[in-house]
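There are two complexes below, and they share chain A, which is joined by chain B in the first and by chain C in the second.
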Partner chain A sequence: MYGFEALSFNIHGGYLEAIVRGHRSGLLTTADYNNLCQCETLDDIKMHLSATEYGPYLQNEPSPLHTTTIVEKCTLKLVDDYKHMLCQATEPLSTFLEYITYGHMIDNVVLIVTGTLHERDVQELLEKCHPLGMFDSIATLAVAQNMRELYRLVLVDTPLAPYFSECITSEDLDDMNIEIMRNTLYKAYLEDFYRFCQKLGGATAEIMSDLLAFEADRRAVNITINSYPYGHEELAVCEDIDQVRAVMEKYPPYQSIFAKLSYGESQMLDKAFYEEEVKRHCLAFEQQFHYAVFFAYMRLREQEIRNLMWISECVAQNQKSRVHDSVVFIF
Partner chain B sequence: MEEDRRKDDEDNKLALQFMDSLHNYLSLTHSLSSTLRQGWLELASAKHSMGTSRVNTSVLDLKSHSASTTLKITENDDGTQPQFTLQKWVSSEHESTKLEDKNEHPQDSDTKSSATEATLTKNLTGLADNDEVRKERDKSLSVFGVLISPKLRATQLSFEKALETLIDIANMRSSVLNSFTQLHKEVEDTKE
Partner chain C sequence: MSSSAIIAAHSSSWAAALVRISPYTFSAIGIAVSIGVSVLGAAWGIYITGSSLIGAAIKAPRITSKNLISVIFCEAVAIYGVIVAIILQTKLESVPKASIYEPESLRAGYAIFASGLIVGFANLVCGLCVGIIGSSCALSDAQNSSLFVKILVIEIFGSALGLFGVIVGIIMSAQATWPSKF
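Let's look at the complex of A and B:
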């Protein structure tokens, strides 16, 4: 019951909430980002990160470093944090934590299927998969010829099985069907996650419904931008970024996002959405005794890794003047 | 005396031609460098936007398929100045248009005019609204998925422009070498 979590939450969730708040305090600050943005080489970045929680993950990496190495090692930190929380969690928190990884699972499935369609080696594809989205039979995805086989041979025993009901066909897997599958699965996942959070009730339901709704809206806008004129309801009639802006500005939460863009400019839309997302996730930590802090922490850490990826690319390409194009400060 | 003056004029013309070609060559290499820098940054931006699982080398298509862009090399009768032409999006039979170098000097009829002709390949229309070309571009990008970020499309255009500049550089280099050979020959003749 909303308002009474303070009486009982700490029995099962207190330790892990303290852990995740500790992890949150380890996120990079503006001062850290300012130092990183002034680095001349990737080794300088490694040196600056050695003083952060990423230090132990990068210290043994030999020079010359590559940007993908930095991203991989920082992702390992996120994975370790997640696994520690998952193994300590009891129901329903453990199910909640598993839900957080289903998005990565969908991305991995699509990567394996796409790569197989393009006759890539399965081992090579597995190395590119996100570690949070791995499951036991993932390599078997390579044998499926259509979605029905995909479901029957592999996915029926995975958490993604319920999401396949809308996209089981016998059509061969091609680029278009794979794209449809990706977005159909993700839509079903977000809706399922939303229903689960509503069942939990309380502050978890309230905060997570806002975060998941924002995620769904962001994906709808991105799909429209990437494929207009197809899209969602009013977005469906839009033919360019300015029409998308006109539709989205009717909704107060999105006015501030689109206000940051000049007319015709779509390049900065990603950054504007990420900034709004970070703001919402930071606000999740203002309340106690709910599970949304776990979701928010995972997303903030992913944003931090995206920032590090961008900074590394700008440093590696000697384009430091562009580093602030995409870095989103968390604190 | 008249003959000496005419010879001097021809030598000067050759020297100017050589220096113009060299200047154009250096400008093109500088332009290529900045286009490539832009392309690589746009690719990083696309990776940032779409995620590293969608934009990486492991999704590139290894199935055998014909090249969407080919290079045609034509040589003069004496093989002194090969000509490079880019044929982009060949399934739509689109070929780059060629424009004369604005610094080109008209050749005498008795010289091998095509050998010293400096040509630039320029393909502004190929970057515009040709439906066939757009379909071929989308087909190339479809390895990354059907719904892709505008940043990835911008990356494609940058690298396409870089490829055109490379061909321009090849043609300009051919022109530089040819001009240099002629100039050198004139100098040697003068010494004799």
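Let's look at the complex of A and C:
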């Protein structure tokens, strides 16, 4: 019953909620980002990060660092945190935590299929996959020739199986179809996750439905902008970004995002959406005794890793003036 | 003859059935509720606050010693229940068989029953209240140590609820005078 979760949530979720809030206090702050933005070389970045939670993960790296190493080690920390929480969790929290990773699984599947299409080596592709989205039979994806085989050979045993009912066709896999497949899968995943949260009820349902709805809206806008005239509802009749803007400004949450962009600019849209996403995810921590804090923590960490990647790339390529273009401060 | 005596005279009415239950039954149930439900409230509160405290102390070990106060407040609730149960059981006296169902005996039995219920349920909700606040207190203290004392004030108000129950329960039980033995 909504409002009385405090009476029974802590039986199974109290310890893990406290752990995830402890992890949240380890997220990098504005002061940390300012220090990192002042760095001259990647070794400086490593030195600054050694004072944060990432210290133990980076300290053993040999001196000529690459940006990919930094990002890989930070992602490894996220994966370790996640696995620690997952093995301590009981139902339904364990199912909830698994749902968080299905998005990465979809991305990995699409990565391998696209890479195979372009004749890349399977091992090389496997190394590029996101570790949170790995599953056992992922390497066999390289063998499939069309979507039906893809489903029958590999995906039917994975948690992604129910999402495929809308996109099994006998067409061969090519770039366009793969993108459409990715978006169809992601849509089915968001709807499934939404239904699962509604079944959980209470504060989890309320907060997660807001976060998932924002994610869905963001993807819809991105798809529209990148591929008009495909889109949905009113967005479907838009021809360019100014019409998208006219449509979105009718909805108050998005008014503020689009107001920040001057006419004709679309590269700042990503950053504006990320800022709004971070703001909403931080708000999820204001309430206690629900599962949305786990989802919010994972997304905030991913944003932090994106920030670190951008900063490292800017430093490595000596483009420090552009550092603030894409860094979203979390606190 | 008073009307209550007329009602009680009908041997198949509910009123008659109720007044023929021994006052000792009611007293015993009252004492059981007093200790049993208080301990339920204390235990519930302790696990709510304890699970959050353990998890939060991993990243912020400094919070453990201060936040044990929340656990102590919950424990106090169980102690109130024990004290009142001991007081109530000293109020039980034997009366001769002929006067078990006299109004005076019934009054004493009901007073002990009510006292036990009051204390038991007041301590149940007090334990829950203190436990939930203690959990939030531990999590907030782990993030920002200046919040601890402020949230502790809320907990102190919460623990007053159990005290109200104990006071009223003891006043009720002071009325439990059984008829004298002749």
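Here is the rule we go by: the second predicted complex is superposed on the first by the 331 of 331 C-alpha atoms of A that agree within 3 Å, B and C clash if a C-alpha of one lies under 4 Å from a C-alpha of the other, contacts with A are read in each partner's own complex, and residues count from 1 in each chain.
Here, contacts are C-beta pairs under 8 Å (C-beta built on N, C-alpha and C of every residue); 3 or more make two chains touch, one makes a residue touch a chain.
In this text the structure is predicted, and so the values were computed from the model without any measurement.
K.L.:
For the combined arrangement obtained by superposing on chain A, do chain B and chain C clash, or do they fit?
P.N.:
Partners fit side by side after overlay.
K.L.:
Between chain B and chain C, whom does A:S25 touch in the aligned arrangement: first, second, both, or neither?
P.N.:
Only chain C is touched by A:S25; chain B is not.
K.L.:
Please work out whether A:H324 is in contact with chain B alone, chain C alone, both, or neither, and reply first, second, both or neither.
P.N.:
After superposing on A, A:H324 lies clear of both chain B and chain C.
K.L.:
With both complexes overlaid on chain A, does A:Q288 touch chain B (first), chain C (second), both or neither?
P.N.:
second
K.L.:
Under the stated touch criterion, which partner chain does A:E17 make contact with: chain B (first), chain C (second), both, or neither?
P.N.:
second
K.L.:
When the two structures are overlaid on chain A, which partner does A:R219 contact: first (chain B), second (chain C), both, or neither?
P.N.:
A:R219: touches no partner chain.
K.L.:
Can you pull out the angle centred on chain A between the C-alpha centres of chain B and chain C, to the nearest 10°?
P.N.:
Placing chain A at the corner, the angle measures out to 160 degrees.
K.L.:
Once the two complexes are aligned on chain A, which partner has more residues of chain A within touching range, chain B or chain C?
P.N.:
Comparing touch counts on chain A for chain B and chain C gives B.
K.L.:
Where does A:K187 make contact in the superposed view: on chain B (first), on chain C (second), on both, or on neither?
P.N.:
The answer is neither, since A:K187 touches no partner chain.
K.L.:
With the two complexes superposed on chain A, say which partner A:L7 touches: chain B (first), chain C (second), both, or neither.
P.N.:
Second partner only.
K.L.:
Between chain B and chain C, what minimal C-alpha to C-alpha distance in angstrom results from the superposition?
P.N.:
Once the two complexes are overlaid, chain B and chain C approach no closer than 31 Å between C-alpha atoms.
K.L.:
For chain A, what residues appear in both contact lists, the one with chain B and the one with chain C?
P.N.:
none
K.L.:
Please output the residues of chain B touching chain A within their complex, sorted ascending.
P.N.:
The touching residues are 37, 40-41, 44-45, 47-49, 51-54, 56, 58-63, 142-143, 145-151.
K.L.:
Which positions of chain A touch chain C when the two form their complex?
P.N.:
6-7, 10-11, 14-19, 21-23, 25-26, 288
K.L.:
Spell out the residues on chain C that touch chain A in their complex, using ranges where they run on.
P.N.:
44, 47-48, 51-56, 58-60, 128, 132, 135-136, 138-139, 142-143
K.L.:
Hey, which residues of chain A end up touching chain B in the complex?
P.N.:
68, 71, 107-108, 110-111, 114-115, 118-120, 124-125, 127-130, 175-176, 178-179, 182-183, 222-223, 225-227, 266-267, 270, 306, 309-310, 313-314, 317, 319, 322, 325-326
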